[in-house]
Structures are given as C-alpha cells and as structure tokens.
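Here subunit A shows up in two complexes: once beside subunit B, once beside subunit C.
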Partner chain A sequence: MSGQQLDVDVDVEYLTRVEGHGNIVVNAEDGELETCEWQVVESPRFFESMVKGRSWDEVAMVTSRICGICSISHSLASLKATEDALDIFVSTQDRQLRKLALYGEIIQSHVLHVGYLALPDLVDSKSVIPMAESHPDDVETVVKLHRLGNEMTELFAGRDVHATTFVPGGFSQIPDEEELESLRERLANVDDDLNDVVDLLIDLAPELPAFERETEYVSLTDEDEYAFYEGVIESSDTGLMPVEDYRDLTNEYVVPQSTAKYTKHARDAYMVGSLARFNNNYDQLSDRAKAVADAFDLSPQETNPYLNTVAQVVETAHLVDASIDLLDELLDRGLDEQPPHHKPDVEISGGRGVGAVDVPRGILFHEYEYDENGECVDANCVIPTNQNHGNIQQDMEKLVPEVAPRKPDADVEKDLEMLVRAYDPCISCSTHYLDVEFVNE
Partner chain B sequence: MSGAESDKPRVAFFDFTGCEGCQLEVVNLEEQLLELVEVVDIVSFREATSRREDDYDIAFVEGSAVRDHDAERLEEIREEADTVVTIGSCSSFAGINALRNDRDVEDVKREVYGDDVGQFDDVWEEAKPAEAVIEVDYSVPGCPIDKQEFVQVVNALVQGVEPRIPTYPVCIECKMNENHCAFERGEVCLGPVTRGGCNAVCVSNGLKCWGCRGLVPDANKDAHEEVLEEYGLSADEIIKEFDLFTRWQYEQIEHEDADPEEVVQ
Partner chain C sequence: MLGVVALGNPLRRDDGVGVRLLESLRERDLPDDVELYDAGTGGMRVIHKLADVDDAILIDVVRFGGEPGEFVWFSPDEVESVREEGGSHDPNLFEAIELSRRLDEAPDRILCLGVQPEDLSVGEGLSDPVEAAMPDLLDAIEAKVEALAG
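For the complex of A and B:
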C-alpha cells in the first residue's frame, strides 16, 4: 500500500467458513487493477447423469445429495418439480408440514451462518470453538437455536440431513398432534435466545464494513405470506414472472475462472437470498421480525450486501413466528391422520415440470422431464449460489478500488472474505449442475 | 479446555466431492462437539474454522476423489496422518457419486460446459472412494453419517482401541424396532444386504432402505437371507437393481467375480 495508489495483493486459496471451495484473487500494481476475481474451483459432480434414467420416486433422493446444508430445500424443490411434471396432488396439510420442515432447515442454516461462520470474523476468532471459552453464553445461545432448527426439521423430515419421510405427493410418515404441541411450546419459549442473538449482533454490527452497491434483487413472492415454499418470481427491476419461465431469469453462462455457471437478468448480475427476500417482501414479515430489522436500522431497499447476515437474523425471528402460526392452524383444524408407511397414489405419465423454493441462500429451481414410464430423461437445476456468483464478482470490483488505497492488504483480504461469507455461499451446490441440454434451447 | 493442547490428538477434516452433509453432521453434534474438542484438537476443518495447520494425527476425509488434484491431496493426507478415516458413503465407497460412472465423462463435460471444458482436463472417468487412491484405516459409512457412530469412532481412536462398525444387515435393527417389513408392503428393500448401524432409520420413518450405508462386508454370506428367500429374491438381484448408493461396490464385486486375479481392494 502506498498513499492513495491502488496497490494490493490478495490470494486466498480455499476460503474457510463457507460451504465448498472458492478462491479470492486480487492483484493491483501501480494503480492498475490487474486481477480481481472470485474463483469457484469446486470439482464438478455432473448430477444430470446421476438422475437420468432414475425413477420419479428416486429423483429427490438423489438431488437431496446436491447439498447437505440445504438438503431439505433441494428435496422439496425436487418434489415440487416432479409433482408439477406428473400432476401429483399435495394436500394443504402436507404443504404446511413441508413448510415446517423447510423453516426448520432455514433456521438451522441461518444460525449456522450467523453464529458459526460469520460471527467469528466480528470477534476476531478463527472459529466458534475458541469462542466457547471467550464467549460461552453467546455460543450456548447459538448452539441452542441451531439445535432447535435441526430438531424441527427432524420432526417433519425424519432426519436433520437428507430427509427420510419425503415422498412425491406428501409424507411416508407425519408427526402426531402431541409432537406439534410440544414443538409449538418450544418455539413460543425462544424469545430470550432470539433477543440475546440480536443484542450480541447489534453490538458487533458496526464491525460490518460500510459498502453500498445497488443491484437487482430476486426472490419468490406470494400474496398470502413472506414467500419461501410458494409463490412466483419477483425481480426488483422487472416485477413478477411465472416460475416456469425461470430460464428467462437465470440466463446461465460460463466464465473462465469458475466451475460454476453464472447468471444475469436485467443487469450484469442479480442477488438472491435473505437480503433480496427482505427487500422484496418486507411488508409480510412478522411484527417481531420488523422490530429486529428496526433495531439494526435495516429497511428496504438495503444495498449493503454485508447486511445479508443481518437479514438472516430478521428472517430467523420471522420463521419462528411463521412456524407458530402454521402449528396453530394445523392444531386448530385438527391433524388428518394417515396410515403408517403412507404411499400416496400416483398415476404415472410423462411430463415436464418446474419446482421453485426460496431456500436459505436464495431462490432455487429444479426442472425435470419424465417419460411415460416415469423415468427421468432430462433435468436442470439452478442453485442460489450460482445466481450470486456474478453479484459477488461485481461487488468485489467496486469494493477493491474503494478500500485498497486506504487499507493494508490484510484488511482488504478480510473485507473480501467477509463479503463472500456474507452471501453464505454454498459452493459445492453451485457446481452440481444438472443438465444442460435445456440450457441452449 | 484444560491440559496442554499437545496432549490431545490433532484432528483434521478434509472435504472432496460431496455435499458436505457429513461435516454438517459433525457440527450438528451441537453441545457434543464442544465436548469432543475436550479430547481432540481440531487443527483444520475448512467448513467451520479458519484455523489451518498441516500437522495432524487423525484425518477425516469426506467426499469422493474425481480428479488428479484430489489424488495428490489424498496422498499428502496419507503421508501426514497416522490414521485416515473416511466419513460418509462418498469417501467410503463412492456412494451416490458413482451413479455417473457408466457415462462417458467427455460427453457429460461437453453437455454441461459446451466447448469451454478446458478447466476439467483432469476429471476422471469415474468418481472413486478414497481407498481407490490411498490406504484407508477406518470407514464411517452413511449418507449422511450417523452422528453418534462418529462420536464412538472418535472416542475409540482417542482411547487407542479399534473402532467397531456393524457388519450385520439393517434387517437386524429393523426387527428390533418391530417395523412392518417393507417387503410385506410390496417394496423391494435393501435392508437385507445393507450394513446396519443406522437404527433402520428410513424403514422406521415409513420408507424402505435405500442402501446408503453400503453393502454388508460379504453380501452373499452376511445378507439377511431369510427375508430374501421368503420373497424369492437373491442378494445379487436386488443389489444390481437398486444401486443408488452402491454402484461402485457392486462393480468391484462383479470385477472380482470376473477376474479374481485383479481384485481392486
């Protein structure tokens, strides 16, 4: 670093505390920014070839394995696509139970990101493990909330990672009313823990870099609720579009520094995830979630990507409230019981369908085509992190010239690492393309 | 954390091609993870910590090897670690990743990336388990791993005793859980040929066994024959038909049968 001259050298191989493998390479000499790249170096897995020829009732089992951290999300997007393709009916009750499984996973994933992956940066710790000694109460709260998210998922999905109860058309097994009541009670008693996390982060939020870059924000949106499981696509630039037209949104393309594809829509890049949902659907947040946002001075349209982490805290509060509402509806109506080892009646025909779910890291699309025997002949999957890679790259290109002239390289490196972590990238997801045959249609 | 750090075995986690769900299961130990770091020193765990040190005693390896670079990393790990343990089915026997192994990798690459496939020059025809590249001391199977089984393995290693992974089929646990047999419900279940230790979680939750923990050590000998006989099936038949997780293992058995001189260990 020399005066205001742009002169920086950052080379982060395998960024830590993110899911998957990515590098940050920035190099500027004598005022010239030569390299500024977010590189995705994850090995490709070729999921397309894994689902091809698989039966309609196996596909979600395979695609769940795209990502362990959001396996419930992938299973649900997959099931929705299969159900759309084969016209399989899903009852209101089953949709509500699926939402609860999903909300549990999003709570788990948000708390994991906020507490385990992002928080250590704010207290200058390498991980949450030494924090167990330096911040024992905070770690205890984070662990407790994380456990709650996982146990909630486990109740509905059978397991916290890779569901064992999800089948096209519903569930092989559902919890009973007593279990729903006991979960409701736990959620109703979570106020103190949520408040503790909010208090902790409010103290630390000034550590988040001040950086602004307006972009296009994309999420699901729904008339009736803050959308995660249902709804249509909304772009902050262009408005609503149907889920089945998702390719008009994603426009995937290959870049040389990345094994993941990038996407763009109205601009060079767009953002998905908590901040995008917050910006697009703020009005439908619960009162408590809005109060949390107020406490952080977060309001739509927020353009600082570092605040995605804060938006995750806001959403965590919302998800607790939304889950209580769902449980109340289910309990008031009375649970329709189903026989053990339930297998919904499905008549097999061919067809193509799309499923979209807004998951921890943003909007997720699965699309399948089945032949008349119910065998998968084509598949396509567009992952949230794929949709954020381009936006991360654009942020870096704006950030580096702003901070490099006035900060030592080590601080620039930390700002860049924190920027990428703010997106909570799920890199191994993003390289797990399914098909391609559709891509150049 | 009391006592000198150096007294504790130094443990490192490494991830290859997979979903990182097994590493998440380690994090999902919640409070138990904090207890675990009382007995081991986690010196490298990219998903959860920025601490990264290259001096370790026990290496946990997640994910399959799919390219030359993976083989190089595995060899470095083998060189450094006294004990190498695979966690999860992808690293233990290629798991779900082997589903692509019967397709031409060049076709697949072209389909996905068009002409821009240069950066994957070193991707192999087949996704492989770690043991196809280096010697592996122990394997914790499962998709994902069973958290408590993982804790038992760590405790065994710390105490210097042999970790024990069940060799009996899932049927045994299923019967103990008094589940309604999936075959009786008209399903073809992989429980008779799949390694137990999961407490038959899928069947207990209303599905059938999909074989995620891999085959019992000797499928023809250790299989739960009485169920198979009752339904007129053989171990070989059901393994061949339902290979979601076990394709690599099945290929090894086939290979062994075809050419006993060239058994791939």
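For the complex of A and C:
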C-alpha cells in the first residue's frame, strides 16, 4: 500500500495481451514521481526498404504482410496511395466491396480485442483460456463473432489474411450475388450474439477505471458515412485537413525511451482509434450502435480512454448495420460482373500519392512516390499505434499521481496495464515465431 | 480433411519458411482432402481453421535450441513453456489450440513442425541453412501428410 504520499514502484516488462512489446516503468519515492514511462520496444520497421524498387502492382501485396491482424487495412491504405499517385480510377462497386472487406477485418479485430484480450482483465483472469470454463457461453459467442469477421474478409479479399484479390483499380476477382445474399443473412442474424457481448460488457463495465483526460481526437470524417475508408482528416481541436497534408498532423519525433516514433499535433499528444472516431463522428452511427452507446452511457465527447473498448463494441454494432446496408445497395443494383483474373486497365506514369484508412486501431497513412515506370522510389507509413504512444504516456502521467496514493502497487500496475490494453496497441506487427521449451528437456 | 497450416512472415527472412513450404507443397501431388492454409502471423484466427479440419499440421519457426534448419515434430502437449519475447501477436498459437480444445472444436490430431531459424531480420529470402533444409522439410511434411490423410 502506498499510503497518501506518492510512493510507487511498477515495472511491467513485456506487457501481455497487447500486440507486440511494451514496458511500463513507474517509480515514485517520497512523493516525487521519478520515472513514468511507456516504453515501446519495437523492431525497426524498414518499411521503406520493403517497398522501394517494387512495381506499383505489387506494393500492396508486400505491405499486406506488415501486420497479421490488420493486413487488409494496410493493403487498402497502400492501394489508395498507389491509386492517388498514379491517378487510377476505382468504381463505386469496388469501393463498396473494399469497405466490406475492411468492415470484416475491423469486426474481427474489435472482437479479438474485446473478447480475447480485454475481457480477461474485467473478470480477473490471466487470459481467455480459463474463461472457457468460467464463461463458456460468452467465449463461444466471441469466437462466433470473430469467425464471422474473418469469413467476411475471406469472401471479399480471397483469404482472411493477406488479400489475394485486391489490385490497384479494383479486384482480380469478386464474389457472386449468392455469396453476398448468404453473408447478408448471417449478418442479419447476429443480433443475439451482439446483444450477449453488450450485456456481458455492461455487467463488467463498472470494473473499468474511472479516469478522465481530455485530449485531441483525430480520425477520418466523411459527409456521407461514419468514416473508415473514405473521407478527410478531422481533429477535434483544429477541424478538417486534407489527407495529403497528413505530415502536418503527425509531426513524428523521437523519444529516448522508445524505438517507435511518437506524434503530436495541436497538443503534446493526440488519440486515434474507436473512441476518437466515436467522438468525431457519433451522429453518423447506426441507430443500433447509438443504442449500444446509450446502454453504456457513452456519449461524445467521452474523455475516459478506458472506454475505447466500449467504443469498439459500439462500432462493431455499427459495422454489422453498415455492412448490411452496403450489401443491400449492391444486391439492389445488381453486381457488375467481371471475369476471374480481371486486371484493371491502367496507364502508368509517375507521381506521389497518399492513402488514409481508419482501421481498427485508428487512422493509418501510406505514402508512395513512383517513377515514370511505375517503380516505387520513396515510401512512408505512419501506423495508428505510433500515433497513440504519446497519448498513452500523457495518460500515465496524469493517472499515476491520481491512483498511486490510494491503491496498492499491484492495483496501480493493473490500472496501467488495462490503460495500455484499452488502446489495443499493435507494437511489433511483422513477425511470428515461437520460443519453446519442451516438457522432457 | 487435413489442414496444413503455416504461420510466419516472408518479410522476416526465415520466419517465411512456412509460407515457402506451402508454395512448394502446392506443386506436389497431395491427397484431395488436404487443405493448405497460410495463416500469416495471426495467432487466434487459427482456431477457426482448427474447427474446420479433422487433423492439423501446424508449421512455424520455433527456437528450440537446434541448429539452423534443423526441424522437430512435436505435439502441443509436449510444450512446457513459450516465451513471449519475439513473438508478436495475439494469444499465442498454443493458447489458440487450448481454447479450441476447451470449446470442443479442436481436431483429434494436431502435429506441430518447428523449424529452427538462423535469421529473423527484416528482408526476404531464407538463410542458407534453412534454404538447404527445404527438400528434407518437404519430404518430411509429405510423408506426414500421407500418413494422416492418405
């Protein structure tokens, strides 16, 4: 117990249940906060070297491998940047089909975060595994919703990870109307599962720490819809800005405790992701999503970052509705069919372009420059998680002096861990290997 | 149905060995009821594939203390511990298997093939020792596929 004076020692190395590696180091003695750091141990990305020298029609395929969770998101930001650079036309139908692939990925990612990574905190479980015994029906529902998101992505992207059908200008292959109708039926029957997740989280929501810190909220925004794929940048502090000016938003800088770059705009830090989108674009949520928000008493401008997890549930409800609407539009109009192995007719010239997509963890930017042969000569990528690091740091600096005097170190540690997990950070998204010891060694 | 599932990222040198193996397996004459699945780096999505198949072979890069290119067949039950360091993603592969079992969705037989890497830096192409092990790896997988699905 820390007593009333600030006196705390927390050192979480390799925070579990976040995508990648981050360390939390907090130390205060005799009332003085000596260290309070969110340290991000990120492998160097060498993004530029991955795509430089590549042809315009293979860059999206390469960038899809940056992240195993958000591979559709990276593919789409990449395609948009290439299409912007080379002035490549994308039809309304193809944009709608891309949105459906993206919505599938966001549903699966949100459900993964809420169900497998955040819920265990709320039921005081080390992971989702024991929850299969303690909350079997809930875990089954989470797996079912996660599967739906995965299969949705698979239908449009050709696979549930690393799209095979995405090409600059559209798709090499599209689903048929029967498949769209079948997906529509599944989405229309998801009400009970969604309600179960909402009910469970409502029961557990009181476990989310009460903590407020107002910040700058940044997302895409669009006149016609709750923006994920279309739109321009919106800052809750400064208003709208064009996507091509994204560097004026991100202002990347280096901090001593992290190998990842941090960003800042109107203040010392800004937040991206579900809560930022919710705050900026609330009015465009579906009625059901608004009802879910009401059930949690969540309304804009919400300033508790822990409620990012709740905003993800709100968005999941919205995404189901938005997907049904898109499918209805496509089916009512009738699909313009195209042959398998379709390749859009593209004339290549050089150019520079930016693509922005608001993906599970927030706004994602890709920028490329191509020479006159369509070879990539320059590239940049700013991922959502890096845009949130500064905000996590600022939250920690406000949170620790508030909670440390009245909570034992273990509880402070849990609050800090839950804070970081609420941002659903994806820190080192480009590798997968296992380091294993066997029983009989 | 037998699922042959590869995890890993070809942009991280030897981490891409599973994807390379799948590409080569596609050229081979495998039994009809074998599905080859590239799971990328995602851990938890593997549970959906496990639910779809009767048996599974999971291929991943594993640091088990062998020489680069050396490989080992093992059951998930033989794993004593998995270090988080270096792994990148959501609940790891063995948690996905465990959850799949608890939900009663897991296949009866799950075999893992671990390949000891030499180089996991950013870049394409396998290291020399892992590249040199490719023919033996393919033969070993094919024999296991025949035994399980044939």
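Throughout what follows, the second predicted complex is superposed on the first by the 426 of 441 C-alpha atoms of A that agree within 3 Å, B and C clash if a C-alpha of one lies under 4 Å from a C-alpha of the other, contacts with A are read in each partner's own complex, and residues count from 1 in each chain.
The definition used in the following text is that a contact is a pair of C-beta atoms (placed from the backbone, for glycine too) under 8 Å apart; a residue touches a chain by one contact, two chains touch by 3 or more.
Nothing here was measured: the structure is a model prediction, and the numbers come from that model.
Of the two partner chains, neither subunit B nor subunit C is touched by A:Leu416. In the overlay built on the shared chain, the residue A:Ser49 is in contact with subunit B and with subunit C. In the superposition on chain A, A:Thr259 makes contact with subunit B only, while subunit C stays out of contact range.
When both complexes are overlaid on chain A, the residue A:His342 reaches subunit B alone and has no touch with subunit C.
In the superposition on chain A, A:Ala132 contacts both subunit B and subunit C.
Touched by subunit B in one complex and by subunit C in the other are residues 14, 16-17, 19-20, 43-46, 49-50, 62, 65-69, 71, 112, 116-117, 127-129, 132-133, 139, 143, 146-147, 150, 159-162, 428-429, 433, 435-437, 440 of subunit A. Contact residues on subunit C toward subunit A in their complex (touch as defined above): 7-12, 15, 38-45, 47-48, 51, 60-65, 74, 77-93, 95, 98-99, 102-103, 114, 117, 120, 122. On subunit B, the positions that touch subunit A within their shared complex are 1, 16-25, 27-28, 30-31, 34, 37, 42, 45-52, 66-67, 70, 95-97, 99-100, 103, 105, 108-109, 111-114, 116, 119-120, 123, 127, 143-144, 180, 182, 185, 201-202, 205-207, 210, 212, 244. Within the complex formed with subunit B, the subunit A residues making contact are 14, 16-20, 43-46, 48-50, 58, 61-62, 65-69, 71, 112, 116-117, 120, 126-129, 132-133, 139, 143, 146-147, 150, 158-162, 164-165, 167, 171-173, 254, 256, 259, 340-343, 428-429, 433, 435-437, 440.
Partner subunit C is touched in their complex by these residues of subunit A: 14, 16-17, 19-21, 43-46, 49-50, 62, 65-69, 71, 108, 112, 116-117, 127-129, 132-133, 139-140, 143, 146-147, 150-151, 159-162, 428-441.
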